[in-house]
Structures are given as structure tokens and as C-alpha cells.
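Pasting a structure here, questions to come.
A, B, C and D label the chains in the order they appear, each numbered from 1.
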């Protein structure tokens, strides 16, 4: 095998196989629909992550590589203006052909070529980027598909038998965290996205964090206290969203005769009062914190604490909304070329989430990882951890 | 077989088989999408026509009949308020499950039961209504699916090898038609929809009709003459539609380097200049007639003429827009119950089309048949025949 | 005065003065607003009707006439494509300048010139058209301004002291009307719009009409019977409008603690149960007729009856929705030039109303007069008269 | 005058008179319109600022005070949920009555009562808040009215004879600014809004700022270089706004035959190439900085520099977009009651602007002042100052 990287080989196959496993129970029709403009079809995720390898690795770097189809760059480019024209995002659900079988063949074609490229010693940093990219899409595939399934009055399960991870049973408590200057951002070895750097110092004031995430039981109190009808608890635009969207509970909660149920990847199930709340918008997280006499942590407080105190449910339940807007770190500069479009052009109008979720592939996230969504979005596995000034 | 109606048996199987034949080349994904609110998924058409038999014949009339699924009435009711709640129309494309295979099983289940019902001497008038209903959906299935395929940049063929019927080669000429009192509406035996009656007398002035439909070549002249940029040729709301929708040619026309092409059930093909123009709105038909110094015939002129002169391309190419609004005939009264919702409640804001099209199942239409669409709709096989005062 | 027409002189001043009288109680601000895209500011009506005389009479026909302002054709052209570019309709309420005083001066400037033109023997048929046109705008000015005032929570009166005309006190009864061939359309002397002709014969079946219009008391029964919650009473698109718009009563009805009140030109007043219902859409008129076991008359039935039986409240209370779509009469042909845009280009998607209303200037209407609005519009003084088959 | 505060008296009359002066050339109609949902009528600003004094000072604190009208709290409350129901924001332009004269009387009534309250030693901190509030509305009145005038094809001048302030003529240069810990936020005496505190330390890296604002000449180069057609210069949502809104230049620029003109409070005038660019969105500011190889300063960099180096055009030309999202400072807590709704509930989805503009009342702003708007808004006097890392 020469200078080839066996680890890269293994990682490549593991990530690619995980995507397929997520779709094991999905029918061809399931994989085709787009249930809202923010979501993409499962088939599209499978093809787009494959196109990423083809576009950025195989075509430029594998001698003699023949693209699977001349049409796929148009169909499966997501948002890379540098790469050329592309199918409009809102119309992804209209692409019935290529079908599931052809997408499966596309994946096999690219996988074979990637195996050759890795053997020949391709640019492993780009391979790694492609795998991280595919892992991000694995989480989106799951949340998008969950949203699609939720449109069906029959409540089909995306992954029959799926259950949420167990939550910590320690007592709730506040953890005191020191102020001072803290280094923020990714350092040391291992992969990180460009938006996690450069490392820079941030000055913090002393603060407190909850060891646990906010649970469904607390959220039910919040509802029972009339929070969804109390404008003064909300940001002005949050209150407008409550009224326009008719929010009365987190997304995917259903009021059944026997009490609240929650629609999840395993189908409809009774709400677990001790589980961390999920599928809430930033507006709801912010209003809850105000109602609770607390606030959201900044992303810097979260990151500093994640290195020091023992934060329970840190990255395996839900992404945690922070009080920080998604902005470039001091000295941030997007890399040249199409790959530079990866993160930088989204640094406006979104709020940072930290941690990771039950839908995040294991090993994908880290303390410096910055996830981001608009403050009104609820279809991700999102929750919150409370903070206070000390 | 006792008093059973062998003809009904034969007709039932023939119509049901034709629906399946239309879908022979469609994948599961093709059958699932809804490309605009007006359209429905092919799978939905297959299930809804089946539900019609189950709802209006089997459940009330076949002793011991067991509904295939308790959910299907909610999913596959189209617009019958009397029958109960139903899945919202715009969200039909989100129903990935039941899948194609289950819909096929549903059809078989109902077909078996219908065979028993017909043997036992069920209400043949309702069977016939169900078959006529299914034939209407066969045409919609074709136009809806064509619209769906048209969203795909790969131009897939809905029915590979499909070609339009040959058009008449007689010379173009005007046919003089007499005025006077004419009986309008369905009379005699055979099936007709409630909106074709009651028969009533209408007083006409002498008029002329073209023996042929308007052809693509004439439409190209209309375009070349700047008609799509000339407000005075159009109804005020037609001109607004031209601008809002950006119309520059009929729907499904594509400007290719070698000239105009047309997307049809067989895929993309060069435009045939002698073929009748299709996929035009009433606004375009009306503007064309004005441009040509003529007008659209009324539905009464059309019906009177269709009994007398030799109208070429009468019902086998495109539906022909008329100058008549879709309104009840004098003395019309909707029947009691859910079936009464069939036609009457749509008698506003739509214009009448007469004839039939290449997508209409053979034998489905007749001279008294009234088709109707909003004046801005273009996804049906619609064209026009010119008229003039004498 | 030579060959000058003293009657024309008198009519001119009378109509022009009536417009000003309608605005006597309006402030500058009142005259400026546009409360919905369908409505126009009072000031705009005053200027547009003046522009009509300037554009179609003074500029082409009065030697040495100097237009008041070069900008006014752009600002006050309504929809004449032939005349040139114009200010977009939806933005008429943004034109704060010219102000009310300048519009008053514009009217005086044009009135003076028109006096000269009439003396010199101008084209009296165009003068008459201009006056009829202004009378139509007098009614629109009143309904538009009423709609504008209705947006104000203080309920200001457009015309303090205004009261509705007294209604007939005869007993309700059905009037039998004969079938047969009837001449429809304007004939004889006097002014008529192009859409009232050509005269033509129509064949009717025997029918009945109510001597009275439908009253508020009957409408309250309709409401009490749950009609606004009963889908089967409605056209499909009417029912959609009920839900989208949240209709629960006619426009301008207000549920007060002491019962229903109605907002009118005189402000808010208790609802008179015996007065004809007003401010209803065609959808509501149609649903009411169905609920009452009757139907709307066609415009031909209405016109034939208006010549023969004694129809009470024929043209002095509310316009009466008919079951007829607004379409050209047989042989109708728009005149050449800009004036030809007057009526013809609106002959689609609208329903005919017959009669006249309390907002119609006296003498403006006649039995052949065809008013027309979209079936969902409610801001005119619109009501209904029931019909039945005999 | 006893213990009365002469300064408060003087400040009160000065601020109140300035509002009236801004409207000196506005007609009643000008003051009534609302040209977009973000804007409010001039009359509304005059009444709302008056209501603020009535609601928060006179009613609670002046014994025997009689409210001018019971309706005005409903009409002129802006967004105080705590105070009660209010007229919807988008419909402010429909309030023709009370008219301009009545609003003038309202102002006089409240001014008289305020004079008594100030004499009696009312809560001067609330008086000061009311005046600061009115000064903010003076700027909005000017930008809203400018937007309204810009809808009129006649280009009327809001303030005839108005000219922009002269700009600095020093050479363009970079100013080096040190890093380290800086105290941010309002300290010392004088008024400040709650969002300017608490004072807190921020750690900065060394940076550079331009001594001048970006000028129109540079913006013309930006346009000429195709920036409005180059997606890679823009944030993803900025590029979407460029396409949706059709942006090709700053708001209020007009392409005339002789070159660019700019519509301003004085009417239409030739664009001054040396003047600071104004009426740009954050998206445009950000794209310009990227195109120029620079970036926007953070609000902290701006504030630190404004205390030290000589920033030209610091607060008298245009508000300067920063790279900072509008978020609460560490330890921020809204005050109790309605006044607490002043700033806090808007701390999401907006970007901070620093400095001040030619429309800001003199003395209103200070280095710690935080203005904020959504990144797509352009109707304020907004521009930018470039920054770079050192």
C-alpha cells in the first residue's frame, strides 16, 4: 500500500457507510421529498456529499477520473457560487430522477475512485473535510427526514426502534466558573473548521452554568405558566413568531388525550419529563431563560466551561443555544476558492449553538465547534443550558 | 352470473387497467411528487379514484366489506366536505407512505370487492360515475405528471416513445353556421355529468367557425409580431399575468439553439409547426383571437356546430377554450349528498372548454361535455378554434 | 351662444359640483389615503376625472389649450395603456403632492377650458362620456372613502348627518315573469356605455323575482343558522374566502354590546333590520340564495323584469348581484383608440350587478346598465334580490 | 420658580420646537402617509413623542392632569405591551383623523402640562428620557419622510434649501490603534440609554481605522467593478437581497442622463463624489469592505478609537455600520415596567451602528451610543468606516 493512509481509508468507509445506514428504513419516496425550503431530500444529501468528493477531489486530482454524470454538478451543488449554476434549493424535492438506485450507484462509483485516490496519496486534508462535511449532512438528513415524516398523519418512524439516549441522573446544580482571560478557538491537532479559529483571547466575567440541560418537565411548567401568551417574556421578534406561527409548545410535541407525546425518529412516543427539551427556537430558549430568572451563556462562557467543569449532557443530547451571534473571530479570513464559501458567507443573522446532539455522528464535534442557525428555527435537535452572572 | 352486467364488468376492468398503464414507466419517486398546488401526485390519483369506489359504493352497498385502511379516507378524499376531514391539498406531495406498492395493493383490494359488487348487481349508475371520475383523473394524472417531469432539468419522458396524434391535413377554411334556437345539453341515452343538463334552448346568431384548430406556426407568428409585449391585445388581468408570470410562449415550449422545442409526455421534441398549439391559457387564446381579427366561440356555438358541420380535430388534440363562463344551465340543481359536490360548487371564476384532448381517454367525451379551468391555467392540453360573427 | 348646448353646460356644472360636494367634509389627509389596492384616494378621483376631460377633450380639441401640469398625465391616468406610462395603482396613496388645493385649482383650470370648449361646440358625445365617467367615480369615491374611514378606530363620519334612503314597506311577494324571447341591451336615445350593446335577443324560461331586496333581518337569520360555518352552502372558492378572510357578517357590520351596528357614510349606527343588506360579496349572495331555497337572477331576467313588473328598491338602495358573468354581448366590439379600453378589457372574472345604489348619482343608471365586480369584493353598496324557476 | 430646573425647562422647549421645525414645510398630506411598514407618518411621530410624556409623566405624576383624548393611547402607543392594546403599526398611515391641527393642539396641551410638572419638580430623569426619545424620533421622522417623498415622481423637497454638511478635506489615512483591555460603555455623568451599560472591559487586538468615512467616489468604483453582480463578495443573505430587491446602487441614488443624482431632504441633487456614501445596508457595507481588502470595525474598536485618535466625520455625517451584532452587554438587565421595553427586546437580528448622522439632533449622540438596524435596511443615513487588523 505504499505511503497510503490506512486510517484515512477506514474513516472514509466508516463515514460513508453511516450515511447509508441512516437511510436503511427509508423508501424511495421518503428519500425524495422536501418538506420545507430549509430541508433537503435524503436522496439529495446522499448525492450532494458524494458530489463534494467528486468536485473537490476526484475531478481535480485523480488522473483519468470520469465524472459519473455531466448533470450531477448542476443538480447536487448546494451553494458554491464559484463552481457554477445549480438547481434552485426550493425545488430539490422535484428531482425524482435520478432515483434512489442511481444515487446508490453514484455513491459506489465515487467510493471506488476515492479508494484509488486515497491509495495514491491524495490530499488527506480535503478528504477529511469531505468526511466532516458528510457528517454534518448526516445530522441534517436526520432532522430533515424527521420533519418530512412529521407531515404524514400516519406518523411513520424514520428509524424503527430508535430511542433517545439516556440522560444524566445527577442532581441539578450550578457550577461556578471563573472570569479572566480565556483562549477561545481550536488549537492543537485534529480537524477543525475554519470558523473555529483563529485562537484568540477573550475576557470573561465570573459566571455560573447549570450542570444539566433544561428538561421537558421544566418546559411544561413554562407552558403551564402561560409563557406562550406573555409578550413581556419575549424578544419583540420572538413574540411576533409565536403569534405568526402559532407556537404553543416545542416542535414535534403533540397534545394527546393522555398528555404530551413527542414525534421522533422512532415515531410517536410519550414525552419523557426528565429528558432534555429539544426542537426549540432561540426565541423560546431566550424566553425560557428570562422566565427562569437566568440567561443563555455566551459561546465563550460555554467553551471555557467545557474545558474545565464537568458539564453533563455536553454534546450527546441537544445543541445548546447561546447568547452569541455567529460572527467571525478576530483575524478570521476565508480561504481562497470554492472551499472558502464553506462557512464565512453565513456569518450574519444566525445564533451560535454549542455542544452536539443525539443526531450528531460520534466524534464529529468538539468544545470549539460552532453550530449556527437562525433564531426562529426549530427542526434541529436544539435545547438550552442556563447561565447566570456570579 | 344472474342479472349481472357483463358490460359493466368489462368497462370496469378496462378503465382501471388504463390508469395503471399510464403509470407503467413511472418510478416510485415520480408518483410521489406534487409540482404545484393545482397538481396532485400520480400515486394520489391512483388512490383517490380507488377511494371513490370504496367510499360511495363498497362501504354503503357491499355487505361485509372491510375498508382497506382506516386512514385512507382522510388521505385520499379530494374535496367532499360532506364526507369529513381530509389531508390538505397542497400537502399531498408529502405523503411518502403509503407507498406505491401499498397503493397497488389498495387498488387490487377494491377491484376484487367491486367485482363482487358488480356481480351482485350493485348500483350501476354509481359504478359508471366512478369510472367516468377515474377517466377524468387519468387526464389529470397525465397533465400533472407532465408538469412534474417538466421541473426536472434532465427532461425525463413520462411515457417513452409517446407521440402526439397526427393532425388533419385539409385546407383551413371557415364553416358557416346558422343562427336560431338550438337545444343545448345532454339528451338521449348514455352517461353525462350533471353539469351537462338540463337540456334547454339557446338562441344563437349566425356565426362562423374554423374547421381546424389554431396551429403552432400561427402561434409563432403571434409571438414574432410582439403579441406578448402588446398590452392592448390582452384582457387587463391577462396582461397582468403575462408580466407577473413572464409568459413569452405557451407552457412547455423551450427556446433551443435550433428553434422551438416542446416538452411532452415523450420528452423534449422539436415543435411541429402544423400541430395544434397546446398548453395555453384562456388569456392567451383570447389575445390570439383578437390579434387574428376573430373571437372565441361560445360554448353554445361550439356545441351546436359539433352536431352539424364537420369540425376537424374536434376532440382528439386539445381542449378548446370558449368565450363562455362556467355557470349552471337554467334549472340546474345539484343532487343531494356528497355526490352533489361533484360539479356545482366550482361554477364560478372558470371558463368552459369543449371537445377533448390527446390525454382524454377514448370515449370519455361527447359534444355536450363541459370542461372548465381558470383563465390563467396552462398545464392542461388546451388550445383554441377561432370564431367570427357572420 | 351660437350652436352651443345649454343642457350640456348645465349638466357639466352639475356633475362637477356634485363631486366637490361629496368631499365637502373631507380633510386634506382624508383625501390622500388609499386603504387597499382596490381603492383610490378621494383626491385622485377628483384629479383623474379632470384629467379625463383634459386628455380626451381639451388637448386634442381646444385650440391653444395649455395643460395644467406636464406631470399630471403620468399621475392621474388610471389604466389607459394607449395613453402612456402611469403611476402604479397600488402607490396612489403616496402622492401627497399635488395637494388638495392644487387639485382644486386643476379642476377650476379644466372647468374653465371645458366651458370654452362647450361654447365652441366640442364633441358632446365625449363630454357626456366624461360626465358619465365622473359619475362612476363619484360612487367609487364614496365607497373607497368609506373603506378608508372604516380603518380608523375613531369611526369618523365621511358625511355627517348622512342617512340611508327609506326602504319600501310593501309586503314581500314573488312576481311571476314570462319566458320567451326578450330584447336585451340599450336601445332608443340617451347615453349608454358600449358594454350595454349591441341589443340582442335572449331566450328566457319563465321565472319569479322578489319584489323586494333581501333585508338585514333575513341576513341575521342566515348568520344565526350557522351559514358562515357551513361549507356545503358555498361555492368552493367562496368557502375558501370565508375562511381566509374570516368573514362572519357583511363588511362594515360591527358586533356591539347592544347588537349589530353598521358603519356607513354617516358613521356608526344601529343596524336597521328592515333595510336591504349591503356590502356583501357575490359568494355571500349566492350562499344566501341557496340557503333560502332560491337562486340569483341572471342579468337578462333582471333586465326583462325591470321593464315590466314593479320591482321595488330597483336602483336606489344597493347594486344587485346576478348569476351572470360579465362577458361581451354578441357582436360587441370595442371602439378604436384609448376610449376603447373603457370596458372591454375587464370582461373576465367578474360578475354582473344590476340596478343602482344609494351611492349612485341620481339619473346615472338605467335598466340596461351593467356594473361588475369580482365575486369576493364587498366594499361597494351591494346586495341581492332572490329569483326562482317557475 | 423655586426649586424648578431652568435647564430642564430650556431643554424641553428646545427639543419640542425642533420637532415642529422639521415639519415646517410639510403639508397635512405629507404628514399623514406611511410609505413602508418600517416607516411611520410624520404626524404619528409628533403625536407619539407627545404621548410618551403624557403616558409616563403626566398621567402618573401631575395631579389633576386630564388626558387630551381617551383614544390617543390606543392610537399613539408604539410597542409598549405593558401599556395595553395599540393600533397596528402597518396601519398608521390610515389615521387621517386626528388631523395635523389636532395633533398640534395635542402637543400644546401636553407642553403646557409639562411646564407645570417641571415647575413642580417632576422626575427629571424621566423628562430627560422623554426628550432623548423625542430626539430619536426626530431622526426617524426625517428618514421616514424622506422615504415618503422619494415615492413621489415629482421629487418634492422635504426641507427646501437643505444641504448636507461639508465633509473633511484632510488626506485619507490609516490610524493605528492599540490592543489591550478597554473599558466599554457609558460612564461618568450625563444621560445614556440602558443599552450603553454596564461598563465592562473588553480585550482588543491592535487594529487600524480609516480617519475618513468611505466616499461616493469609492462607491462608484465599487459599482463600476461589477460588485453588485459578484456573488462572492457578499454574505449569502446579502446576495439574496441584492437579487430580490434589485439593488444596483445605494438607496436614493438615481441614474440621470448627466450622471448619478441623489435624492435628499433638499430634493434631487447631483451626487457629490467626495461626500460620505449614505443609505447603504449592512450587506453593502460588508461587501464593500471585503472588496476593499478591509473589514468593518467592531463596535468596541470604534468606541475605543473614538476616545483616542482623531476620527474625522465621527458623528455628523452618517451612522457607521460595525461588525458587531446588537446584543446586551454583560450584566445588562432591563429595568422594571414599560420603560424596560425601550431597548432590550430588540437585541436580536440587528447590527450596531456607531457615531451619528446629519439627521441626528446636535448633542444627542456620544461615543458610547449604540444605534441598531437590521442588516438589509437602507433608509437611514448609514455609511461605513474601514478597519483592518494590524
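In the analysis below, contacts are C-beta pairs under 8 Å (C-beta built on N, C-alpha and C of every residue); 3 or more make two chains touch, one makes a residue touch a chain.
As the structure is a computational prediction, the values presented were derived from the model and not from experiment.
Taken together, chain B and chain C share no touching chain.
Path length between chain A and chain C in the touching-chain graph (shortest route): 2. Using the average of C-alpha coordinates as each chain's centre, D ends up farthest from chain B.
Chain B and chain D have centres, each the mean of its CA atoms, that are 58 Å apart. Computed from the mean C-alpha positions, the centre of chain A lies at a distance of 37 Å from the centre of chain D. Computed centre separation for the pair chain A/chain B is 46 angstrom, with centres defined by C-alpha atoms.
Here chain B touches chain C in the complex through residues 79, 81-82, 181, 200-203, 205, 231-232, 234-239, 282-283, 286, 323-325, 327-328, 330-331, 341, 345-349, 351, 375, 389, going by the rule given at the top.
Note for the complex: chain D touches chain C at residues 27-33, 35, 43, 71, 74-75, 87, 91, 93-100, 148-149, 151-154, 156.
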